[in-house]
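What follows is a group of structures, each given as structure tokens.
Next, two complexes with subunit A in common: one pairs it with subunit B, the other with subunit C.
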Partner chain A sequence: MATLELYQVCKHFGASTALTPTSLQVADGEFVVLVGPSGCGKSTLLRMIAGLESPSGGEIRIGGHGVNAQEPSARDIAMVFQNYALYPHMSVRENLSYALKLRKLERAEITRRVDWAVDLLGLQPLLARKPAELSGGQRQRVAMGRAIVREPQLFLFDEPLSNLDARLRNHMRVEIKQLHRRLGTTTVYVTHDQVEAMTLAQRMVVMNHGRIEQVGTPEEVYAQPASTFVAGFLGAPPMNLLAAHISTDGTHVLVDDLAPLPLPAPQPALAGRAVTLGLRPEALLPAVDGRWPLTLNLLEALGGELLLHGSLGRQACVLRVATTASPWREGDTLRVDVASTALHLFDAASGQRLAP
Partner chain B sequence: MGGSRAAGERLPGTWFRGRWLPWLLLAPQLLVIAVFFLWPTLRALRDAFYQGDAFGLSEEFVGLRHFAHTLGSAEYGHALLLTLAYALLTSALSLAGGFALAVAVEGLRSGRTLFRTLFLWPYALAPAISAALWVFLFRPQVGLGAGLLEHAGVHWNPALQAGQAQALVLATTVWQLLAYNFLFYGAALQSLPPSLLEAAALDGARGWRRVRDVIWPLLAPTTLFLVVTDLSFVLFDTFGLIDVLTQGGPDHATETLVYKLYEDAFRNFDQGAAAVQSLLLMLLVTGLGVLQLRLQRRRVPA
Partner chain C sequence: MKRQWLRRSGLLLLALLLALPLYAALIAASHAPQDLLGRLPWLPGNRLLHNLRTVLGTGLPGSPSVLRMLGNSLVMALGIALGKLTLATLSAYAVVYFRFPLRRTAFVLILSSLMLPLEVRFYPTFQVSAGLHLLNSYGVLIVPLIASATATFLLRQFFASMPPSLLDAARMDGAGPLQFFLHSALPLARTPLAALFVLEFVYGWNQYLWPLLTTTDARYATVVMGMQGLINAGTSFALPRWDLVMTTALLALLPPLLVLLLAQRWFIRGLTDIEK
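Our next item is the complex of A and B:
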């Protein structure tokens, strides 16, 4: 186990920038998830940590030692690839032991470690098979086995669950979490799936356009998104982002010609400014004497809860209501209230968080 | 290959009302097959069992006499062994060389395209033309290669020295096949999933271990294909090359099966013997083809 430190690490491919200078500290034993849309630089960052790409600048340290000049195999890391990358011509046992053989470990030690991983992941019945004879979930498990037998300082996961169907994905997610709990190995996990990120991460790093938008625990990032990008990326359905502006005395926020919404605390510095008002779908509550009228366009029943798609003023908006049967119908206009503590304000131009 | 349907099952939309149209479309190819394959084959089949007189005026049925004579002759045995050795040696050398070059070029940081282009050139030449190049290079006294050999103390005269003639044929064939194998190995290398090679890099497989444990086994299907293609090239398509280089000489030292067949048919005018030899050669190529299909089928599920 080890710490991982990145100092001003960046990557250019020719004239295009995949990653702007980025710094990040990962504590010993921590599970960090890099999350963002495709092309946000998260995979590039992971591949540089692995040594599969070399950074254009900056320094990467594992366990306090600079590894920029080290070969991937010398970094004492293990990586699980999206397509598993198992050797198709080797049996499961050979796949698991290959790296150990290359390290010239003693035969008894190799057997001990392989048996341990096989036990941990339940691979016993698969040992003699070739990867082609395994299902997706089994291959995934073998790929994890190949990583853990090396007892590395650092685990790297590159979208490991993307090729699995939804059910299996949930199952393997839990398994990865349990594995981390048992082994306590420092882990960097890359995904574009916000549910994976929220559930697995001790700390998540939200990335966009080759830079870090926000770092924090899933709770922090969800409760206090640093930008409209983060706000819109996390949560399903995502946060409603409404064009608005602050009243001239800095006490209310105005959306179109709807009734003014009082701010939890006056913001004199923002008086008169154009802002983006962020409201989570669950922060809008239907109420008979609610402040705002909402015209209902579409209802989605998800079993335990209901999604109400409608328009507030001239802007589209989604509500999440914890109820099974809908008292409303499409086309109805209902009144909604806003929990004033639940509002987020972002700069209309830059998208950066303003208050509270 | 994989998606082909069972015979007789019709794909939707490939229905022809007229019976003649499919045949019309097939006709050019069928004609070519009939004229250049079926007719000569039938002719050879017949000739193998008949003996004509010297003027081609009469023929008599001789049963298996040609077969017995050919298979029992020391010359045929010699040509057969020579051909096998020639085929195996050239295939092995050009496979190993093509693989090594492809791996080396793939590992280059820059200049890959340049090397790929240069190494491909020999393949673009017809065998007879590349043989002509080698004839110029290795003509005693005047050739550049011959000069170098003389300089190195070799008394170079492939027209008299059997071993030298064989080496010359071998080198020319390998040179040509190498380009072909390089092309296929190069393409196969590029189509390997990058993550597999990255996994190997993370596992610590470097240099020779990486090639031996990962790349070579992953390219096994390509190797299988090339073994059969190389062997059939050497067995059947090297006539022109040998004809230009050595005419099978000196004293039959480079007379392979296909060259001996030609000698017997067009120099010695022994139609019966030539027919028997061409049938045997055809059996050989058919066997190779069947072997390839068998091996490929066994590999496909992986």
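Our next item is the complex of A and C:
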């Protein structure tokens, strides 16, 4: 187990920049998730930590030692790939022991470690099979086994659940979390799935366009998104982002020609400024005497809850209501209230968080 | 139903047509020479074993024994097939997995040699072989023929189609380039390798003009090229020995057929065991 530190690590492919200089510290035993849309640089960053790509600049330190010049196998790390990358011609047992054989470990030690991983992951019935004879979930489990037999300082996961169906994905997510709890190995996990990120991460790193947008616990990032990108990326459905501006006295926020919404605290510095108002779907509540009228376009019933798609003024908006039966119908206009403590303000131009 | 019956009988007819020369050879090989004078019997005779023993043991007067020629052919075909596979696997592996200057150029050069088969470069290749004092040796039968653009190209496509994460995983596991080649690339390529082996073995076995040009010593005669000498020798008697010539032809046919039949099982395994 070890810490991982990145100092101003960057990567260019020819003229294009995959990753702008990025710094990040991962504590010993921590589970960090890199999350972002495809092409945001998260996989490039992971591959540089693994040593499969070399950084164009900056320094990577694992357990306090610079590893830039080290081969992947010398870094004492293990990686689980999106398509598992099991050796197709080797049995499960051979797949698990291959790295240990290459390291010239003693036969007894190899057997001990493989048996331990097999017990931990329940691979006993699969040992003699080839990867082609395994289901997706079983392959995923073997790939994890191949990583843990090496007893590495650092685990890297590259979108390990993307190739699984939804049900299995939920199941494996829980397994990965339990595995981390048992082993306590420092882990960096890459995904584009915000649910995986929210549920697995002790700390999450939201990335976009080759740079870090925000680092924090899932709760922090959800409650205080640092930018409109983060706000729009997390949550299903994501936060409503409405074009708005602040009243000239800095006490209200104005959306189109709807009734002014009071700010929880006056923001004289922002008076008159164009902003983006962020409201979570659950922060808008239907109320008989609500402040704003909402024209309902579409209803989605999800069983325990209801998504109301409508328009506030001229802007589209989604509400989430915890109810099973809908008293409303498409085309209705209802009144909604806003919990004023639940509003987020972002700069209209840069998208950066302003207040509160 | 009726159309299917028609189609099948059409296929059967074609198959019979193709088998006819083979049948003629079998008839000739199983009779005494005097039975073949002026006509070909309809049914096989009973002298096949006798004729086989004659050609394998003593051969025809004035030419080496067929056993020796078969041996030469086997050395040549195996040498060419194995040489081609070795060279092609290594160069395909290099072109796919190594970043070296002029990598693409090297590949294009290899590919463009497809347009220069042995037949169009006889003269320079002969010149070089003669200059190296290779004439009349197994070396000259094999070495000039072991570079194969086709095999390199096919294996390159195969290696390029393997998931790149396999290499990543091997690097994480600590396998070097040679270990990845021996432990992963080579075992995974066994199906295309088996297919290529059959192709190249038959190619090597069927070589005619090159051995004819470069080996004048009868000790290095291959069976395909020696057939022509046998026909001369066999028909120079008052009683033409077509029985022995045809026995030899049948023998020359067997090894490629055997290789094909054996490797067919590999093809099927390669098709059913999808390992990617």
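We take it that the second predicted complex is superposed on the first by the 356 of 356 C-alpha atoms of A that agree within 3 Å, B and C clash if a C-alpha of one lies under 4 Å from a C-alpha of the other, contacts with A are read in each partner's own complex, and residues count from 1 in each chain.
The rule is short, and it goes like this: a contact is a pair of C-beta atoms (placed from the backbone, for glycine too) under 8 Å apart; a residue touches a chain by one contact, two chains touch by 3 or more.
Just so we're clear, the structure is a prediction, and the values are computed from it rather than from any experiment.
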- [ ] With the two complexes overlaid on their shared chain, look at subunit A and say whether subunit B and subunit C clash or fit.
- [x] clash
Open item on the list: Quick check on the superposed pair: does A:Arg103 touch subunit B, subunit C, both, or neither? Answer first, second, both or neither.
Closed with: both
Open item on the list: Quick check for you: in the superposed arrangement, does A:Arg211 touch first (subunit B), second (subunit C), both or neither?
Closed with: neither
Task: First (subunit B), second (subunit C), both or neither touched by A:Arg129 - done: neither
Open item on the list: On the A-aligned overlay, A:Leu52 touches which partner chain: subunit B = first, subunit C = second, or both, or neither?
Closed with: both
Task: Which of subunit B and subunit C A:Asn83 touches, first, second, both or neither - done: both
Open item on the list: After the superposition on A, what does A:Ser73 contact: first (subunit B), second (subunit C), both or neither?
Closed with: both
Open item on the list: Under the contact rule defined above, give the subunit A residues that sit at the interface with subunit B and also at the interface with subunit C.
Closed with: 50-52, 71-74, 77-79, 81-83, 85-89, 98-99, 102-103, 130, 132
Task: subunit A partner contacts - residues on subunit C that touch it in the complex - done: 163, 165-166, 168-175, 179, 183-184, 187-188, 273-276
Task: subunit A partner contacts - residues on subunit B that touch it in the complex - done: 193, 195-196, 198-206, 209, 213-214, 217-218, 220, 301-302
Open item on the list: For a test of understanding, state which residues of subunit A touch subunit B in their complex under the given definition.
Closed with: 50-52, 71-74, 77-79, 81-83, 85-89, 98-99, 102-103, 130, 132
Task: subunit C partner contacts - residues on subunit A that touch it in the complex - done: 47, 50-52, 71-74, 77-79, 81-83, 85-89, 98-99, 102-103, 130, 132, 146
